[in-house]
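Heads up, the next two complexes both have chain A, just with different partners, chain B and then chain C.
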Partner chain A sequence: MPPKVDPTKCDGCQGESEPLCEQVCPGNLMTLHKETMKAIIRDKSDCWDCMTCTKACPRQAIQTVLQYQLAYFPGKLIPLVGTNSVTWTSIDCHGRVERFVMKTLVSGDDEDED
Partner chain B sequence: MAERVYIDADVLILGGGTSGCIAAWEARQAGGDDLKIVILEKAFIRHSGCLSAGMNALNMYINQGTPEDYVSYVRYDICGAPIREDIILSVAGEVNDTVKLMESAGLPMKKKEDGRYLNRGKWNIEVNGSLLKPVTASKAFEAGAEIYNRVYITELIIKDGACVGAVGFGVRDGKFYICRGKVTLLCTGGAAGLWRPNNRRDAHHRIWYFPFNCGSAYAMCKRAGAEMTSFEMRLVPIRTKDTFSPTGTMSIGMGAPMVNALGEEFMEKDPYYVSWGGHTAPTPIRMLAFQRETLAHRGPIYLDTTKGDPAKVTGLKGQYLDMSPCIVLYWGCNDIDPSKEPIEIDGGDPYLVGAHAGMSGAWTKGITRETTVQRLYVSGDALGAAPSRFISGSWTCGRIAARHMVKALKENNYQFADIEDDLCDTLEDRTFGPLKRYQEKSAEGLWSDGTLMSGITHKDMESRMQKIMEEYCGGRTHWYFVNETYLGIARKQISRMRQDQLQYLCARDLHELQLSWDVINRLDVCQLVIEHMSYRKETRFPGYVNRTDYPEPDPEFDCFVNSVWDRKTDEVRCFKVPYEQVVPGDRKKQSI
Partner chain C sequence: MANSIGIFVCGCRGLVSDSIDLTLMEAELAKLKKSVGARVVHPWLCGDQGCETIRENIADRGLDCVILAGCPENVHGPLFDGLATGAGLASEMLLRLDIREGCAYPQRGSPDHSFRKAANLIRMWTARARLMKPFEEIKLPGYRAAVVAGGGLAGLTAALELAEAGINVTLIEKESFIGGNVARLNKVFPRMCDSNCGLTYLYSRIKDTGRARLMTLSEIVSLRGKAGRYEAGVVTRPRYIKEGICNGCGQCVKACPVEVPDRFNCGLGSHRAVQAPYPMDLAGAYLINREYCPEGCEACSRACPAGAIDLTQKAGETRINFGTMVVASGWSPYPVERVERLGFGVFPDVITNMQMERLAAENGPTGGGIICPGSGRKARRVVFIQCAGSRDVWHQGWCSSVCCTASIKQALYLRERDPGCRVYIFYNDIRTPGDYEDLYVRAQEAGVLFVRTNPAEVLADPSGGLKIIAEDTLTGRVIETTADLVVLAAGMTPAGDLMKVIEEEVVDRKSLLKYGLVGYSGYHTGHRQCFPMETAAQGIYFAGCAQGPMDMGGTALSALAASAKALKAAGREVIVSPHIAVVDKTGCDKCKRCLEECPYGVFHLDEEGFPVPDGLFCRGCHVCVGSCPRQCIVTQGFGLKQQAAMVSSRIKEIAPGEPVVIAFMCENDAYPAVLEAGRRGLRYPPNIHSIPVRCIGSVNMAVIKEGISAGVDGFLLAGCRSGECHYLSGSDRARERLDNLRETLNDMMIEPARVKFLSLGIDDASVFVREACEIVENLRAIGPSPFKNAIVI
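Presenting the complex of A and B:
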């Protein structure tokens, strides 16, 4: 379920040696578009939909969108990553909102969490 | 010629996943400060492999009883078939200690009021594992292992029957990596993508297993001449329909039963399933029941979450967010509420895994994790004949492998091998073959759509391979049925691809080179699967492999099927290896 990148939010991770979404993808799928310098997925059909890139983006520019063959439009699931937890907001196709806070780490030691 | 990077390691670890990271940590404990430990990982170690979406349970933990009871459970769960009880026992003996280690690394464990870990069923414990991979990787950092991200390993270096290192290419830098190891641990996971997935087109990677583990461990072991085992014992999963998310959260976690379209709990109705234990029957039997119900036109089949523990349904979405967040999005988009309606399930494409409910992998000597190729060790999904080790068992296996590696290294005083230029050149040509070919063949002309006139892409090859495996080697659309005639066709077609067609495989860039190697490796694994299935002339794992020509188990095959590949003839020679029962008792019953 490929990540879609909002070009108004993505800044290409300027200042990073490598864009964060590109750095983390286990399938080597994210990269910057050569002209726009915004993140794109090389091949959306190759995505496992692990949401690692979505969670890693510091500008919340990535939204995981399910393939239309599997799911109706326009439901959303948005993760917001904190130091020791992730807050997930689920908005179904009718606009109903649910929130979940999931623990991720016991200590705050892992400062460089991306 | 590509720029070369030379790396030397006392302990060389290929694949920085579940197993590899903890192996690095244990190697440091066992080998001391001076040991040089190197990990090569094709992705980014903090977020790679099976754990990359997170996980919500550790499926191996001795909550009760003894390690022997766990062995008895594992044996029962694959219908009493032969397993390496010695290996499972060695893992079961220290898995609890490993879990404690990971708790101290920051993994949030769920606990009961009495402070004990919250169990799910008999042998699982629940965790908040959305960062399970970064936590696992932190142990490799702590060990001071030298980590190379984005290096794809293509081949082991074998000299005089021993493994002396490995080569690969930089997925980003395009360099040729030549790595010498005094001992080498290969743990690049299992294999997905041999058969055609249920979802097509833009959803073709919405499968259960991690799609970027493509059998490189099996293929490299095979090409190195290692003895391989149990490639007929694939895993055929029942998972949630469409998303193929794990189902244990509902079936074991809330006790949601399988029901058919009539609402019948068929596992508790049919005397055959009841004789196997009903709802908790062995994994292949549950798969078989799913197949039979659907073929009898009583589908769709569901996990009835409305009949499960109502207190648990509220936490269900949270648990999935920790492991397979896409299903929560899927439920939201499709107006599905698991507390009000049952969740539809489906049979997926088969996988080769050694650590889950399948047991393909390399054969190992005793409990050392050393393969039949000297100085080459395996762990995690790459290790064969010892199923149901899962995450916690893969961590533990990494530890056990590391200790044996360090011991062998010291006892034998292994040294770095000289690797001649000729060998390096050959391996480099092979590694970059598809990329070089693209350059050569693009000079021969392009079609108007920009594709090569004289070359084939990894995508074309993948489609062809998956079509052959699907239709002639028991894919989902064939209800996992095979017979000798079908297998004969599969053998002929896969051989043709391997022997004659790979010369046309071309890669435009480094990303495509990686994908090309994924296909090369998977084709090698296909050959193992076909030969093993063909050799085992019986049906020992109904539901996983249904042989229509030999539908019953045959006592002659109450053994392992192992094989060795002959490089000269390209033949896989299969043979029987006797099973040794270590834990006494009825193999078709759980002891507790």
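Presenting the complex of A and C:
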């Protein structure tokens, strides 16, 4: 299921010709709406839920709606991109929350642990 | 990367060691192993013996980074910096960690808490130290030349200063004479000296340097490039008389049929279209005002015995390359004819302050006699009307700051020359700042009558003179008086089209307004205290009355300040601050958010479309570092990587179940407030671990997110109050970013109250303490971070 852009948070990357989501989308599906200057998805059926735009958005304005086979509303999968890790919060349709931290960079700073 | 870190903990002669057990600390330090080369606990590091210990350890153990845990950075700065450089360590590799004001003082009486907090802070600083590298010098190319636009007092002062510093200077003056408005003055307050004396002296010194070129009758019409590498198009109007051949016999003036109003004398009197050089015209040749010549008239050409006249001369355009420009385009009097009730332009005996100067000057139209231009009588009764158009919302809202003193000066010399002359000054408020109050007192003693009035009205008197009606605001009565001469104190308005050229071609006015660089008076101003000389047009500095209304003393100071700023942009090779932002092109995807968020607009795009900051003008606020969604803007020294390492350095709970809070603090306002809280002995929870940063806008949300996933319970971001940020918009940006993050956290079912933005002024110690207690209370109620138990893949 496609990304959902929150128009109150999206600032169209401040009027740039190519917002960040448009640049990162591997399927070239994101674009700016000509009048509102907010990001929209061109073709929802082509999105394969890679969530790149969701992770990249500097204003955290994009959410990926989960496929109904995976979870009914209000099921959600939310990434939080840190400097050396990505954190995933999965909320299923019963409201159960699971959290995963994925290290993207090993800082090698763990040796001092006692 | 530092491979051998020395950790030195100072007992501060009891101030620290009373609350923190140093023996326990020694055992705690032993646990830090990776890249740590020395662990020293010392009762008094800033003493001779302590310094020697540091020096020995650096030398013997080959330390490449040192952490000094003790007093805050602003104490003993030079001592420790000198110590480090003396021992062969770059001063940026000596990290100061405050465990006195920020740890021992607020936790006085609970030694366990302060010990654990200090241990946490040392752990964080060690994580930071591992990633520190010495600064590399950054050099940029540039033109070693400067342009000074405007040959008035400000321009001459700046040109002299730059030329003496070894910079080639082109001094561009619109008129045929130098000195600008100052050359027109009769006397200069407060010492009542002759203005031309100072100007001549200034110019002769400029000539002596051999580095300055003067271009009179010239104007800058185009400008392009950027700081360090500008190119200007300069149009020079012809004189129509060949310098060097003209011998100044004056035959041409006798032949000329056309009368032209005298610009030097501010419109008082007239001269012929071909004119003798004005005072302070250094060319020594006559000049033809060709725009007034009747078609086909060659009377002067025929009359000239030397054959110096060439009516076919054309305006020439030159291109000048330079690195920096001082704009000293000066001021012109407010067009007071717009204030209709004052009758300027209607009654010839109503004149402006500047015209009064010309009347009184010996080289003026009357040879120094105060003769009313309309009636031709000697002025025996003179009324000065202050604030003509100034401090008036319908005209110009600002106070020009010098007109009161200028009128008092004129009143004084009027009384001095003719003790029988009655002089009145009608004023709103007399503003004679600083020493000028003396003049005010002298004028009162000299019998000048000061009348506090509401705006006056000038009418014709049946007797032939002028009648002034005004309301005396001290007695509340309407008063009427007559006068031979009325002098209006016309305020200062920025002069010159150069502003327009700059605004159109280098930076548009909209962005000037956006960055807050146009004062409310329409003058170009920087942040008054922090960056007073800055403009959004980089490499261009405003001096003198182009910067704001000011007196001659202020003008000279402002010109000196501008030339000092200009020096950094006028070198073949410019060494810039190591703190400038650098874009890592491998990570950048050209989203241009840094261009949008940089408070000074120093970014531009290179040929490949990557953003590049202009190193000469980057102020190192690092707001772009905070803005970058790809975290690819890197800085030397303390930056994103180090911050991320600090927040994920596994900070231990102060007591079981207690929340861990990391506070990023703006080092200008918020951090001093924290130190002040410690000094005052205010207690706040030991859970708060403060990290000072250059600007709160430099904190990237990725660091906060990293900390949240690392299990930090709460974050406090403290910046300046909105509108007080030293980097214009840093604290507002941080607040905005944090608001967005808070919503995402809410979506993730994490309590948004875990992150908090705080506006702190420098004296808000008690506010900080209150807020710190509150966030810790809240976090205790909310419970530990869900990421403490997250699955790490």
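Everything that follows uses one rule, which is that the second predicted complex is superposed on the first by the 97 of 114 C-alpha atoms of A that agree within 3 Å, B and C clash if a C-alpha of one lies under 4 Å from a C-alpha of the other, contacts with A are read in each partner's own complex, and residues count from 1 in each chain.
What we mean here is this: a residue touches a chain if its C-beta (ideal position, glycine included) is under 8 Å from a C-beta of that chain, and two chains touch if they have at least 3 such contacts.
Small disclaimer: the values here were computed from a predicted structure and weren't measured.
Once the complexes are laid over each other on chain A, chain B and chain C both fit without any clash. By the touch criterion defined above, A:Met102 reaches both chain B and chain C. Looking at the shared chain after the overlay, A:Arg59 reaches chain C, while chain B stays out of its contact range. Of the two partner chains placed by superposition, only chain B is touched by A:Arg42; chain C is not.
When the two structures are aligned on the shared chain, A:Met51 is found in touch with chain B, with no touch to chain C.
By the touch criterion defined above, A:Ile91 lies against chain B and chain C together after alignment on the C-alpha atoms of chain A. Using the contact criterion defined above for the overlaid structures, shared-chain residue A:Gly27 touches chain B, although it does not reach chain C. In the superposed model, A:Leu80 lies in contact with chain C only, and not with chain B.
Once the two complexes are laid over each other on the shared chain, residue contacts for A:Pro2 go to chain B alone; chain C is not touched. Note on the superposed arrangement: chain B and chain C approach each other to a least C-alpha distance of 5 Å.
Shared contact residues of chain A with chain B and chain C: 23-24, 56, 76, 91, 98, 100, 102-103, 107, 109-110, 113-114.
On chain B, the positions that touch chain A within their shared complex are 42-44, 46-49, 52-53, 103, 106-108, 128, 130-131, 134-135, 138, 150, 171, 199-207, 210-212, 242-243, 317-318, 321-322, 325-326, 328-330, 332-335, 511, 514. Against chain B, the residues of chain A that register as touching in their complex are 1-2, 23-28, 42, 44-52, 56, 64, 66-67, 69-73, 75-77, 79, 86, 88, 90-94, 98, 100, 102-107, 109-110, 113-114. On the chain C side of its complex with chain A, the touching residues are 31-34, 123, 126-127, 130, 589-593, 596, 627, 629, 631, 640-641, 644-645, 648-650, 700, 702-703, 705-710, 740-741, 743-744, 747-750, 786-787, 790-793. Contact residues of chain A toward chain C in the complex are 9, 13-14, 16, 18-20, 23-24, 56-61, 63, 76, 78, 80-85, 87, 89, 91, 97-103, 107, 109-114.
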